[in-house]
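In what comes next, chain A is part of two complexes: it sits with chain B in the first one and with chain C in the second one.
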Partner chain A sequence: MSITENPASTHVPKPREITTEPRFSDRVFRGVVSSGGFISLIVLGLISLFLLYNGFGVFRSEGLSFVTSFDWVPESIENGTEASYGIGAMLYGTLVISFIGLFFGFPLAFGTALFLSYYAPEWIKKPMVLVVDIMAAIPSIVFGVWGYFILMPHAEEWARLINKYLGFIPIFSMPGDFFTRSPFIAGLVLAIMIIPIITSISREVFAQTPLDRIQAAYALGATRWSMIRAVVIPYGKGGVIGGAMLGLGRALGETVAVYTVLNLVYDIRPEILLSAGGSVASLIVNKFGEANAPELKALMAAGFVLFVVTLLVNLIANMIINRTVRKG
Partner chain B sequence: MSTLIGNKPQQPLPDGAAIPKPIKPWKPTPKQLLPDLLGAITAVAASLIVVAVTPLAGGLGLLATFISISIVVASSISWIRQDRKAAANSVSTIVIYFLAAFVLLPVLSIIFEIIRKGAPGLSLGIFFNDMSVTSSDAPLNEGGLLHALVGSLYVVALATVVSIPIGLLTALYLTEVNGKAAGVVRFFVQAMSGVPSIVAGLFIYAVWMISFGGTYTTAAGSMALAILMIPTVARTAEEVLKLIPTDLREAGLALGATQWKTVALVVIPAARSGLITAVILGVARVAGETAPLLLTVGGNDAMNWNPFSGNNSALPFYIWKNFGLGTETAIARAWTGIFVLMVVVMIFFTLTRILGNKKGK
Partner chain C sequence: MSQIKVNSLASVASARSSETSSQGVGLEARSIHAWFGQKHVLSDISLDFYSGTVTALIGPSGCGKSTFIRILNRMHEFIPTAAMAGEVLLDGKDIYRSGVDVTKIRLGIGMVFQKPNPFPSMTIKENVLSGLKLAQIKINNSDELLEDCLVRAGLWSEVKDRLDQYGGTLSGGQQQRLCIARSLAVKPQVLLMDEPCSALDPGSTLRIEETIRELSENMTIVIVTHNMQQAARVSDYTGFFLSDGGPGQLIETAPTSQIFSNPKDKRTEDYVTGRFG
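For the complex of A and B:
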């Protein structure tokens, strides 16, 4: 305004530069908080460094066969055996039991999440959410002991039934009568353990479904199931897959519960009902007690592989979930 | 509070006027419910008959028959009354109800078995004795798990002392400083919460025992637990701090407070109960961890009051050890240990619930 009123004036005030100079106390505060914030990153880095450093010798001497070969023979001077470490069978076993866990756990968790979000009346919903939360709080040793004494006798019967009716499929066949402590049972325990994670992530995803689309579907005459198929599932697919992967990550790293119910055998067996399986985490607990120094290094290497695998699975899972759920 | 703000003053009802009952026109009438009820009865009856006549036997057979017959009955009722889409809807409804019911089963079974098997071994004595002079095969009224309880207390307390500052600083970095690397830090904190517990134990073993030549101590165990606890504390604390209105921060700064003073005197006090919840959630997360302790605390049958030297036990370790011994009394001791551990975990669980609800209101 002043310019138009005084055309003679050529003075245009420069915009003032807005700066804030943090005071000394704030600089200290921000410095301390920032360095504190990076501790988690540093710890993650240190974990991989230390495990890699300790396991490096084994990686170098075994090469790729560390993750492909099946034998775990510590050096023994009396027997004159040379050390040979391979976690192939354990790695395969870990994948098998985790996928069995996902196979049973995912439909149950997905169904429960749908039930809690769209089916349950209020009076069932609250206690049921509580039960799922309690499930998440149960320590893994409890799952292990319960799985061993309570679930196993039942699961053995189920395994017999599967073998009786589906035994012609190679993975359900049984060379003898060894139904206890099988990957099948370990997978069942893992399924129960990963249900709460998948359920809570799925519920979080479903809660984000736009209400107007749900109502539009109903207004067009959709049944509840058609609405879920047309709106909820397409919208939440990514997040639910991310939740399943988080569950997979937990299953891959589970130690104590698996160790209590699984019979570790250093061999790859296709039969999942047979009492012979593997798990990298259980291998560590199993061998740790009486391991000599070089064998410990091999365990560190196994731990490094487990760490990298679970970290990757978790990173991908979180990436998917962040993209679909925690936008912005 | 809520009655003062935002609520319109209610029209007082004239004296003696009955408050009209809310009506629910969408509620199915008894006539509409009848086919469903009949269907359910048919399904139960049919499955009982099928199990009685055919070789299918036992609870499992009954359950499988019941599920399949109820699906068939419900879908045919819907199909006859409406159309194929309605049939699909009833099938999915039944399947989802059964899936949810199956999820309840293991939890109820676990709680039931813990009480059934753990309660007989409970006595006042187990809270006052350790296993230093008792063989695990001794009668259950001898010995106890005081050493494990104290060990657990030490391990978890030390882990908490380490995790609170780190977790809180991480959360403050993510919310208050929100620096350039905040996204990366948040991402890796999420990833860190997925680190397998055995790897945390192995890492502490590699650092403390191999590199520094240390021995089994309580402190080593608590460091391993801290690795698992930090992400839980940091993530929950971040969520809580995010809920504090920006207005409060701006008000603090506008009054001339430094950022440090604003955070310390305004933001943190406002978020206090939520931050306590974050810590308790972290405690609940690690109180039952077994695998890292197997590699770090070494185990002990006697009391060890010094967290910085000598082996120690912990409740999960006690359970693990007695389970591994495998004799009848040892297993009874393990179940009692599980009972006590679950009570401890449930106490923390309930605490988070109570504090969390208070925050919501």
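For the complex of A and C:
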């Protein structure tokens, strides 16, 4: 009140510029962490540039058909064939096995996370969290070998059963009797491999559920399950979806394990139980050893496409996770 | 100065007490003890809560009021190291007896928390009716119940045109009344309120106190409060809790007018006259 009466204050001052001088130790620490951050960005950028640079020729000569056509024929003087590269079937196969992996892995991981967060007694919780986290550290070739020798004999029988009872659905039909090394089995191996990441991210978001909302639900006579449905799942939904997308990202890029349990065929087949599938990453590991120089460039181009697809999936995942965190 | 304060509180309290008459015991606490880990935080609390009355629990911070009220509807056990002894009788039956369905207990003994906590993913309407969904109770006339609860919580006129908006769009005081309406929808016999106004402005506080007075006609209400004026304004009975460094104890319980005008214990007098706490 006194301010408005004061004639001296009738002119409106300009906003002051507020600066702070960080102390030396702050500047050093800031330098260390920002260089760490920038280096990882630079490395990522260089990798994609390297792949793009090497694959550019292939992109130019093949055009869009590089991602739509199914042939992978290197140039051969003896046979007189001209080079033709297309990863359409592989790209499709990658998506198919990744979604099969997600289909089986996501419910398992989601259930595991709920169990660990709200049902598991303390004595089982700690060792189980440890085991699930260790699963993420197992080399993927081990999953491949396990999938080939242990899982496949069983999964083959499951596939036969699915075919027997659900064979009228086109994707479960079977033109012959080739049940091994199918997208179905590769998907099962991927499911196991993506469980840890989805579980730990889901657990993380479930743990952040505000306690006051949980208590509000219980105080209204909620059972544990109705509380989870009304409070925990709505709160954690975005984070869980983000976790699933990160799992999908891992499945898309998985190489060796898939290569061990999947028969690569340069064709798009709708039957997921049939021993014929595709995977861009497995294609690369399959051809890399004996590729001639132009084919190597085509493999780099394939790698670039996979890189872009995986990056997109991860970006979407991050967007979803960030949105949830801000909401909470 | 303190004498004036005591007198004014006492006159408010006595005006309040004359309005109501007790109708028998709704909830009884028998020799309640509580622990967190090894720490003994409540010692031997016995207290009756009469139907149709409001009982205020007052006392300085850390004296165990909130722990005690959370024992009354089995919210205490959600804290991992928490333990308790004694009995809480609802209609003469111990709510801690073995084989009891704890969700049914909490339906009968509702709770309103310190911080308003409506479910943000639900609309105002869904929030009010959420207890029915959570406890899997089916009813036919949900619109009637919705209006009834919001009217009784004193919120109907402010939200009747925007029942499909989210609960988070309301002000703090409105959110707290929404939480009260939500508690009422499952028709509890007893309503526990743990400092329901401590996060609210004076206007909203007054509004909620009116609501409490209206509700008390046919419920048992227990309210924890730091605000002695509030205890004097809304309650019929007052219990004074105090901890002398050890576990919290119930020093004195009496009709509110007596606590504020003529307390028996010196420590109660010191507290209500503002000599400490």
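Note that in this section the second predicted complex is superposed on the first by the 287 of 328 C-alpha atoms of A that agree within 3 Å, B and C clash if a C-alpha of one lies under 4 Å from a C-alpha of the other, contacts with A are read in each partner's own complex, and residues count from 1 in each chain.
Here, a residue touches a chain if its C-beta (ideal position, glycine included) is under 8 Å from a C-beta of that chain, and two chains touch if they have at least 3 such contacts.
Just so you know, these numbers come straight off a predicted model, no measurement behind them.
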Next item on the list: Look at A:Ala137 in the shared chain and tell me whether it touches chain B only, chain C only, both, or neither; answer first, second, both or neither.
Entry: first
Next item on the list: Figure out whether A:Asp267 sits in contact with chain B (first) or chain C (second), or with both, or with neither.
Entry: neither
Next item on the list: Using the touch definition from the top, say if A:Arg213 reaches chain B (first), chain C (second), both or neither.
Entry: second
Item checked: Dominant toucher of chain A (residue count), chain B or chain C -> B
Note to self: Applying the document's definition of touch, where does A:Tyr235 land relative to chain B and chain C: first, second, both, or neither?
What the structure shows: second
Notebook entry, point to check: Is A:Phe29 contacted by the first partner chain B, the second partner chain C, both or neither?
Noted result: first
Next item on the list: Kindly classify A:Asp71 by the partners it touches after superposition: chain B alone (first), chain C alone (second), both, or neither?
Entry: neither
Notebook entry, point to check: Does chain B (first) or chain C (second) touch A:Arg250, or do both, or does neither?
Noted result: first
Notebook entry, point to check: Following superposition on chain A, which residues of chain A contact chain B and also contact chain C?
Noted result: 223, 226
Next item on the list: Note which residues of chain A are touching chain C in the complex, please.
Entry: 210, 212-213, 215-223, 226-227, 230-231, 234-235
Next item on the list: Could you pull out which chain C residues touch chain A in their complex?
Entry: 73, 75, 78, 103-104, 106-107, 110-111, 113, 115, 117-122, 130-131, 133-136, 179, 182-183, 186
Item checked: chain A contact footprint on chain B (complex, rising order) -> 60, 85-86, 88-89, 91-93, 95-100, 102-104, 106-111, 113-114, 117, 165-166, 168-170, 172-174, 176-177, 179, 181-182, 184-185, 187-200, 202-203, 206-207, 210-211, 227, 230-231, 234, 258-261, 263, 284, 287-291, 294-295, 316, 319-320, 323, 331, 334-335, 338, 341-342, 345-346, 349
Margin query: Can you tell me which positions in chain A touch chain B when the two form their complex?
Written below: 22-23, 25-26, 28-30, 32-41, 43-44, 46-47, 50-51, 53-54, 107-112, 114-116, 119-120, 128, 131-135, 137-146, 148-151, 157-158, 161, 192, 195, 199, 223-226, 228, 246, 249-250, 252-256, 260, 281, 284-285, 288, 296, 299-300, 303, 306-307, 310-311, 313-315, 317-319, 322
